[in-house]
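As written, the chain order gives the labels A, B, C and D, with residue 1 at the start of each chain.
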Amino acid sequence: MSFDYSTSLAHASFKNPIFTASGCAGSGKELSQFFPLSDLGAVVTKSIMLKPRSGRATPRMAETPSGMLNSIGLQGPGIDLFLEKDIPWLVDQGADIVVSIAGETVEDYAILSQRLNGVAGISAVEVNISCPNVENRGQVFSCDPVTAHAAISAVKRNLNPALPIIAKLSPDVTDIAAIAEVCVSAGADAFALINTLLGMVIDLNTMRPKLAGKTGGLSGPAIRPVAVRAIYQVRSRIPDAVILGMGGVSNGRDALELVLAGASGISVGTATFGNPRAAMDIKNELESLLVERGFASFSEAVGYVHRDEI
Amino acid sequence: MSFDYSTSLAHASFKNPIFTASGCAGSGKELSQFFPLSDLGAVVTKSIMLKPRSGRATPRMAETPSGMLNSIGLQGPGIDLFLEKDIPWLVDQGADIVVSIAGETVEDYAILSQRLNGVAGISAVEVNISCPNVENRGQVFSCDPVTAHAAISAVKRNLNPALPIIAKLSPDVTDIAAIAEVCVSAGADAFALINTLLGMVIDLNTMRPKLAGKTGGLSGPAIRPVAVRAIYQVRSRIPDAVILGMGGVSNGRDALELVLAGASGISVGTATFGNPRAAMDIKNELESLLVERGFASFSEAVGYVHRDEI
Amino acid sequence: MVAGMINRFATTVAAEIISNKKVGAYHHIVFEVGAIAAHARPGNFVAISVGGENSSMVLRRAFAIHRSMDRGASGGVIELVVAPHGGGSRWLTGLPVHSKVSLTGPLGTAFGIPTEPVRALLVGGGYGSAPLFGLAEVLKSRGCRVDMVLGASSAGKIYAPIEGKRSVNSLTITTDDGSAGFHGKVSDFLPKLIEENQIEIIYSCGPMGMLEAISEIAQQHDLLHQCAVEESMACGIGVCMTCVLPIKGDDGVARMERSCIKGPVVDGEKVIWNSKGLIPEGTWGK
Amino acid sequence: MVAGMINRFATTVAAEIISNKKVGAYHHIVFEVGAIAAHARPGNFVAISVGGENSSMVLRRAFAIHRSMDRGASGGVIELVVAPHGGGSRWLTGLPVHSKVSLTGPLGTAFGIPTEPVRALLVGGGYGSAPLFGLAEVLKSRGCRVDMVLGASSAGKIYAPIEGKRSVNSLTITTDDGSAGFHGKVSDFLPKLIEENQIEIIYSCGPMGMLEAISEIAQQHDLLHQCAVEESMACGIGVCMTCVLPIKGDDGVARMERSCIKGPVVDGEKVIWNSKGLIPEGTWGK
């Protein structure tokens, strides 16, 4: 029996559909102690910005029922060091790479895109537009159709078209499918659904927000029903939407839910914190579940829930 | 030591701040087997509509990590039978009552409000605008500032002003505080935060959505960080906002988080399904936690997290 | 507390497990439950919190009471038959003796017991046999003749304890794969059993498909049919409206009724079967 | 696997609990961990999944390795000292012998062992004493003089097993309430101990406030100070960036470094203490 586990996100192909989630695999090195990164569909790197960035003050995390809040604040080395050190190292490992970029301004997205052109070893670019726009009162890019369009357009105009553009959206919007449509019109080839939900935990000793940044992003199994819904909605509205799904996937069954709803790839985030080998376990479990259900290839299962829709 | 546990929601006073959540206490009778309803701050009734309503087909629920999805579809007897049977029974029990109403059109909200005028025993009206507007492609009233305003205005024009209007909002919006502001301008006296988040679970045997209604409302501890954040945000934007808080409260500590964030009352929903006496346990635990922390009255603790804001 | 109402004796206790034994595909578990035992009637169920203190499973699981024994001042025990299925039931069946679980009960309606001695056929599918043995004892004590037929997919899934067999006049076993008793579905054998034993009432408990098939046969034979339904329940106490199914009232109108408090035991004739995924035409409020 | 890197021997095993005893305010728990024991060095920690199969607690809990014993082919054991605090640690301390838990380790940096015999002072606060006994044994085996001072809020919270006492030259106890040993904080007694014992290096583990106070004293006395920090960790393996604290590099510039892989053992002098809630001026990328 030869099950075809390969997948593609727009014009990028991957050997299997299990990816890391941006910000949940360090620079790759740390995770590579637990399994070879080349066994993944791809490593999705932590969203990189133009400049080195210290991120938010601590505490940066709080555990919540079946989930956690984080407020890392996009700590990272900046695009220069990233391209100099992290990418070559990942390439050396034989890992496929999706680079995640994040900007504070539309201009940032343009420059970051230019910097990626011609870099060897990159398969696609995830554009994290679920981050604050400093030119617009810190409002999150993907929470406003106008700024979402501007950010994706800036990438489209500046990025080598060989690299698919994956727009990463926030679920904290009234109509995520409408934002997705705007991104398509701006040139997005695919979507990453979903980023974290905005949440808050209050410390009952200090009687103040537990995180130094007050609010944080909610991830983990708690949000999985929201992720499945978002993927389902976007795929219903845009039937040929290509989706990298994420949000609370911690085993093969969870992954299958997102795939059936419409995800062509699965990013594993918070689950890795509880189980360093989570991505590998999920990869094996998902494959078995698909074979058990009689699918001959992974791609047959993508969006299978929509099979009755006209 | 005489701790003052009373609270008020705008111009309605209650002996304590622990309420049931709309749709999570049946007609009251069922719950009264487990404790006297008069021990609650108030019973919040299941959202009542103009006509009897069968609700959605089954399956109507799916358990999720630290939460559940429901799609009841507002099954209920309609306002006539409700006023004839349920209200007098609750009054007989000595329960304080907050009536929750839900409409399919703006007109429905107007008529329902009129029907409540002069009914004895009602302390306040919760206006569930987190339900689909049949005149606007089924879009949820509270997801659009225009329809949110219209529904609350209809209540304001028609309801006896002695009854505070509590606008119940959906968290599935880009900016919940903006919707709250619109509701204030339409005449809302208070807010109920939050209703469920839209979610989906896929049945891995049938490979279709598990709920007959496809999507459902996510409730329970999983959503608590979102509830705390929503309450915090509304209270930050509208410092004198009066809030009935709900979302994943299953013990006194959870309740305290919502209170510190700005809730003047706590509705207990999903927790009652796991523990019929949850509201009473929460009432006792919250009181102890407040006393331990040196509060002389419940109202001192409301919004305490905001103490440093100017 | 409201007199005359359903669940009026329901309380929540920290029930200690005093025995937990694997029996075929199931676990037979005995709980120390105090006064709950005295109030339990065949057909009632209990709702148990699962997964321990920091469980991600927020809802209780419902289990039909297999047998209950009131021992007066020294408390009471109930017995359950649990199939290790998903997270909740596997947790429960894995608990060691002396563990305590939060248990609410007795809940729901009970099987109606005829005032006159009648000829009753008890039909169970899988662990659906659990409540039938307690029922058989009560019926016998009222002078009824009790025949029983139990079906399951295979031999290991037939739950029929030795003591239980004593309380019935005849016991027929059927399995889908023929690994025990007759080869086939219980419903295949009902017409013959009904005729041979001149059955006057059927009591049943098991999968919804089986209950539907029995209801049809009962109607053909013009027999009363009391069945214990099993719908997905969030609360078990009537407050959430998740567990509904369309049941006709005395006025002939179907309403979406809560199976946890209008049931689990309902009159099979009144149920509109096979309504999963739809609200039947004519249902009140449709 | 990448050679020369942190955590290169880390694996995840289903570790069986072979002993779980209450000792004062803590539980001393012994786990069968196979090869992990052979690789564990004093200062390393392990990360344990808590709450069982359907746990709502999605993150592992970190515990300093108290002692490890490699038994070659017959496997290895490690010992932990766990304070029952919140949901995760209470679950762990409540587990019966023979339970298995998912345990990842050894993780993080270890205490640096001097190549020459030196005079070392080991300072522990609360369960922070746990890794110090294993460290003391190693230092003794290298010919070091080892003095130890342990502090806690009260007597029950001093963890100092009898065997452990044998591996130190002197043991001083302090409690905030005077219920055991000297009345006061450990830091009150450090200057005297440093001078009397002509201390050359300090090793410490305990609450962040204590580590800060020790760092100050160490600097005043111009001593090396290796301390094991404890920041709130989501992953424990360096992939999440939640556990950071500002640490100065060799270039003198502070960076928000991950305490799980740059630590838990760090050079006290390099840490910018008391940075909770803020990013110190001059931090890289601020």
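Just so we're on the same page, a contact is a pair of C-beta atoms (placed from the backbone, for glycine too) under 8 Å apart; a residue touches a chain by one contact, two chains touch by 3 or more.
Remember, it's a predicted structure, so these values are computed and weren't measured experimentally.
*Asks:* Which chains does chain B share as contact partners with chain D?
*Replies:* Both-contact set = A, C.
*Asks:* Would you identify the chain whose Cα-based centre sits farthest away from the centre of chain B?
*Replies:* Centroid comparison gives D as the farthest chain from chain B.
*Asks:* Using CA atom averages as chain centres, what separation in Å is found between chain A and chain C?
*Replies:* Using C-alpha averages as centres, the distance is 47 Å.
*Asks:* Based only on mean CA positions, could you tell me how far chain A sits from chain B in angstrom?
*Replies:* 34
*Asks:* Would you mind pulling out the distance in Å between where the CA atoms of chain C average out and where those of chain D do?
*Replies:* Chain C and chain D have C-alpha centres separated by 55 Å.
*Asks:* Per the centroid of Cα atoms for each chain, what is the distance between chain B and chain C, given in Å?
*Replies:* So the centre of chain B lies 35 Å away from the centre of chain C.
*Asks:* If you look at chain B, which of its residues touch at least two other chains?
*Replies:* 65-67, 220-221 - these are the residues of chain B that touch more than one other chain.
*Asks:* On chain C, where are the residues touching two or more other chains?
*Replies:* 56-57
*Asks:* Chain contact graph: line, ring, star, complete or other?
*Replies:* Contact pattern: complete, every chain touching every other.
*Asks:* Could you list, by residue number, the parts of chain A that touch chain C in their complex?
*Replies:* Interface residues on the chain A side: 65-66, 221.
*Asks:* In their complex, what parts of chain C are in touch with chain D?
*Replies:* 50-57, 87-88, 90-91, 96
*Asks:* Which residues of chain A touch chain D once you look at their complex with the stated criterion?
*Replies:* Going through chain A, the ones touching chain D are 23-26, 29-34, 46, 51-61, 63, 65-68, 70, 72, 75-78, 212, 220-221, 250, 270-277.
*Asks:* For a test of understanding, state which residues of chain A touch chain B in their complex under the given definition.
*Replies:* 64-67, 69, 143-144, 172-175, 197-202, 204, 207-209, 214-216, 218, 220-226, 228-229, 232, 248, 253, 256-257, 260-261, 289, 293, 304-305
*Asks:* Please name which positions on chain D make contact with chain B in the complex.
*Replies:* 56
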